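Read through the structure below, which is laid out as structure tokens, and then see the notes.
Going in written order, the chains are labelled A, B, C and D, and every chain counts its residues from 1.
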Amino acid sequence: MKRIYLDYAATTPTHRDVVKAMLPYFSDSFGNPSSIYSYGQESKGAVEKAREQVANLISAHDEEIVFTSGGTEADNFAIKGVAYANPERNHIIISSIEHHAVIETCKFLEKRGFEITYLPVDKDGLVDPDDVRKTITDKTCLISIMHANNEIGTIQPIKKLATIAREAGVYFHTDAVQAAGQIPINVDDVGVDLLSMSAHKLYGPKGVGALYIRKGTRLVPFMHGGSQENDRRGSTENVPGIVGFGKATAIALEAMTGEIERQTRLRDHLITSILEQIDGVRLNGHPTKRLPNNVNVSIDYVEGESMLLNLDLENICASTGSACSSSSLEASHVLLALGLGHEQAHSSLRFTVGKWTTEEDINRVLEVLPKIVARLRAMSPLLKSHK
Amino acid sequence: MKRIYLDYAATTPTHRDVVKAMLPYFSDSFGNPSSIYSYGQESKGAVEKAREQVANLISAHDEEIVFTSGGTEADNFAIKGVAYANPERNHIIISSIEHHAVIETCKFLEKRGFEITYLPVDKDGLVDPDDVRKTITDKTCLISIMHANNEIGTIQPIKKLATIAREAGVYFHTDAVQAAGQIPINVDDVGVDLLSMSAHKLYGPKGVGALYIRKGTRLVPFMHGGSQENDRRGSTENVPGIVGFGKATAIALEAMTGEIERQTRLRDHLITSILEQIDGVRLNGHPTKRLPNNVNVSIDYVEGESMLLNLDLENICASTGSACSSSSLEASHVLLALGLGHEQAHSSLRFTVGKWTTEEDINRVLEVLPKIVARLRAMSPLLKSHK
Amino acid sequence: MPDIQSLYSEKVMDHFRNPRNVGEIENPDGTGHVGNPICGDIMELYIKVNGNTITDAKFKTFGCGAAIATSSMVTEMIIGKTIDEALEISNKTVAEALGGLPAAKMHCSVLAEDALRSAIDDYHSKQKKGKSKAKAKKK
Amino acid sequence: MPDIQSLYSEKVMDHFRNPRNVGEIENPDGTGHVGNPICGDIMELYIKVNGNTITDAKFKTFGCGAAIATSSMVTEMIIGKTIDEALEISNKTVAEALGGLPAAKMHCSVLAEDALRSAIDDYHSKQKKGKSKAKAKKK
């Protein structure tokens, strides 16, 4: 049975051309980019080329890109970096649907004397720009609002939000881990100061990411050590990983327009059909301001993991809430923030399509899912009590 | 002209078998280990197998290993993790020859209210256990002393130092980035609480490392995010990197005894011959308590980088001080701590042999180096003034 | 290439795929309702008792794989047992009978134990009421 | 496979491999000693002046590749120039003549400029002394 992977938001397979680009840097051109001999300079050249490719994806300058070990590190770096660089300010504003990498970092700072405002979102997951404006104080050092949500795909009005921050003289960070490579981003146009990316969400390797840091932004390093990355991040560069990230962004940029169209079609086909074929389904996230690849529904009376396991038995990979929180037992904080009841939050199912998803894959889901739901509903104590 | 790589302490080529072990996890078994479907569990299984392999190298329990993005992160994690977990204590003791990853982390904490003691070393680079004992106060939360130094190869009496820490009820961390995989380490025997490793120093990939955390050690996470790594480090696991690290430790463990003997022989041949063939040479680091692969000499009247470049023209890769500090212009803090004058520190040359170094490689260095030194001395203004 | 791995043991997956005794019992001798929507696990257990022996058991569960499998397993384990024997079943026995559960999922097996105790409590209280009714009639 | 890369330009490497005018001048008309061991760069520059024209220059340098190459380059640049023309040479002109230097190494080119100025200063002060001596003799 062919495996149908519909969890591209959790992670993507590394593109074969990306792996090919990485390979020479493991055992052949393996020099340390900090070494002055030509062998080391070769690696350095490869890292700098990748920096240019990554910068290109978001229309940044090369020197504004710092490579990290992933999206989580980029988020930690941005938030702690600004917090520690501005000791006279101790207030941070984030949305209540941020990724754990942002929320947990803020909770850590909260315990250490910072004040965090968690902004609400509306039923579709949108932050209200007025809320941002109203909560800024003269103690605010940073506003961090994600570009697109990893669970429900909702895309925030980043340009509006960043403009409010800039007018107030407050740094603006956006976690663009899910948006980068999927939808066009131009850092100058939107006016963000800091932006997080992760390679493994855009067909690059796991364990590499980047933080965009607008020139002039005051930021304390997060990873203290050697003088790599222009003194902004110590540690021997992950050369193959960085080269792979660069290659992946180049591929993503080229394929973007076509993929947006193709994936949006698949996404809408899946959403419409599920809503048609199954009763008691709610679409989570904004109907149109959403990532081209994201489908998130709550299916009444049926628990998410039991659907996942049944789908897995049919060789279909999906997710319920964020993959990261699957070992936690709480319902997704994102779905609860939309105003869903706990039962609905536990009944969510996320399909995220990608480069290699076909119409047939979607049709196979539509063939299988209604049966699974019927079977599980038959054993659900909730359904009866609602009859 | 064959390339002669004698900078294994800067980084190592990834072993071909390691790359082979990694390859399936890029584009085939690429699932997110946090995902509950079998695809994700496959990745999780691979990560757990690697954890066992890494634990094996240092005789630790699997659950005491947390994967990181490298040695620098492991050092940051250990130090900040203990510092923040013990708010009633604010004193940290380190040696003055630690790697930048340790020193810069401590300097960051120093600015934020911590007190740091930088212990001196003797002319061979050894820390005096009595100094450690004397500087412990009831405010001391952590002692961090590296297992083996990256520049001069000196191996510290870790067991003695860790015992002093334990008797005083203070956590002990050791940066074993250069020692792990090269010399035997048994965490229970030496009694350390925290130990840093990095894959790319032992023929694994760049961008992966691990922190050993003895069961029961109170530590705050460094990378805040999802619940990966048993809630101790957020971020999607670098599955191929971790698998590669595991494989590399397995290979290292098997080859260790033989390699120690072989490399020690090459090392001593190189040291003895340089001292014989060139005047005005000083061996830096301890003559016997040193890593099997490390040769570090100061060659009077000749600046290090100019020797490196000349060696590079002969296709020989070496280093002067730490590769990490090559973009800094200051003389190595390690060499200065030994009591060397600035001129001697700038005249240092490090050769580090490895798995693929041969007797011929060493002989080629011995053929080329005296000529390079003679040529550079002829243009040295120092030589004349010393005549 | 790595082996196929799964979060759950084969036995768990067997009970998950083919849960035994799904459904309700009309006029049960005991019913247990446990769990709460906040943790996302809800279970109903119905038992039929003859003399002192559980002769039938059925369940309905809203929950993860472990919740469904332990529900199924517990019904299979109690049918044919006396009430006292059934009371000796703990969440550990259920998990063991399933060949173990992932650590993070052990709490789900508590759900099955709780449902069992709750159904037996319900049975006992019905018995008491029945007896008092019977007594009342005799008078 | 990636291209062979180098920290320094070809021109720098050419001067590093084959430095021009290494050595000392006996009885120089001007000498410059600059640099210090803490930064690891020390340079000595000797010049011979005829009329107002630098007719010969030699150097000795303890330092990195950039220090040696800029030393060599500056000697090549000044030979044949008048003192005034030589004074127009700055560290930037030297770096440019070498096809550029890595940013982190620009400070080394200052060494060459400093050595040049110091040698010319020495020449001027010797001239003065020479003149005063000459004057003294004339008296």
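Just so it is clear, contacts are C-beta pairs under 8 Å (C-beta built on N, C-alpha and C of every residue); 3 or more make two chains touch, one makes a residue touch a chain.
This structure is a prediction, so every number in the text was calculated from the model and none was measured.
Visitor: With contacts counted as defined, which of the two, A-C or B-C, has more C-beta pairs across the interface?
Guide: A-C
Visitor: Please compute the C-alpha centroid of chain A, do the same for chain C, then give the distance between them in whole Å.
Guide: The answer is 40 Å.
Visitor: If you average the Cα atoms of chain C and of chain D to get two centres, how far apart are those centres in Å?
Guide: Each chain's C-alpha centroid was found; their separation is 91 Å.
Visitor: How big is the gap, in whole Å, between where the Cα atoms of chain A centre and where those of chain B centre?
Guide: Taking the average C-alpha coordinate of chain A and of chain B, the gap between them is 33 Å.
Visitor: In whole angstrom, what separates the CA-based centres of chain B and chain C?
Guide: Inter-chain centre distance comes to 56 Å.
Visitor: Which chain C residues sit where two or more other chains touch them?
Guide: As it turns out, chain C has no residue touching two or more other chains.
Visitor: Where in chain A do residues touch two or more of the other chains?
Guide: Chain A, residues with two or more chain partners: 28, 36, 38, 305, 309, 327.
Visitor: Dump the list of chain pairs that touch, please.
Guide: Going through each pair of chains, those in contact are A-B, A-C, A-D, B-C, B-D.
Visitor: Mind pulling up the chain B residues that touch chain C in the complex?
Guide: So the residues of chain B touching chain C come out as 24, 28-29, 36, 38, 41-42, 44-46.
Visitor: In the complex of these two chains, what residues of chain B are touching chain A?
Guide: Checking each residue of chain B against chain A gives 3, 5, 7, 10-16, 18-19, 23, 26-28, 30-32, 34-40, 68-73, 75-76, 84, 99-101, 104-105, 107-108, 112, 198, 200, 205-208, 220-228, 234-241, 305, 308-309, 311-312, 317-319, 322-328.
Visitor: Using the touch rule from the top, collect the residues of chain A that touch chain C in their complex.
Guide: It is residues 301-306, 309, 313, 327, 329-331, 341-343, 345-346, 378-382, 384 of chain A that touch chain C.
Visitor: Within the complex, which stretch of chain C touches chain A?
Guide: The contact residues of chain C facing chain A are 8, 13, 16-17, 19, 22-24, 33, 37-44, 59-65, 67-68, 104, 107.
Visitor: Taking the complex as given, what residues does chain D use to touch chain A?
Guide: Of all residues in chain D, those touching chain A are 1-7.
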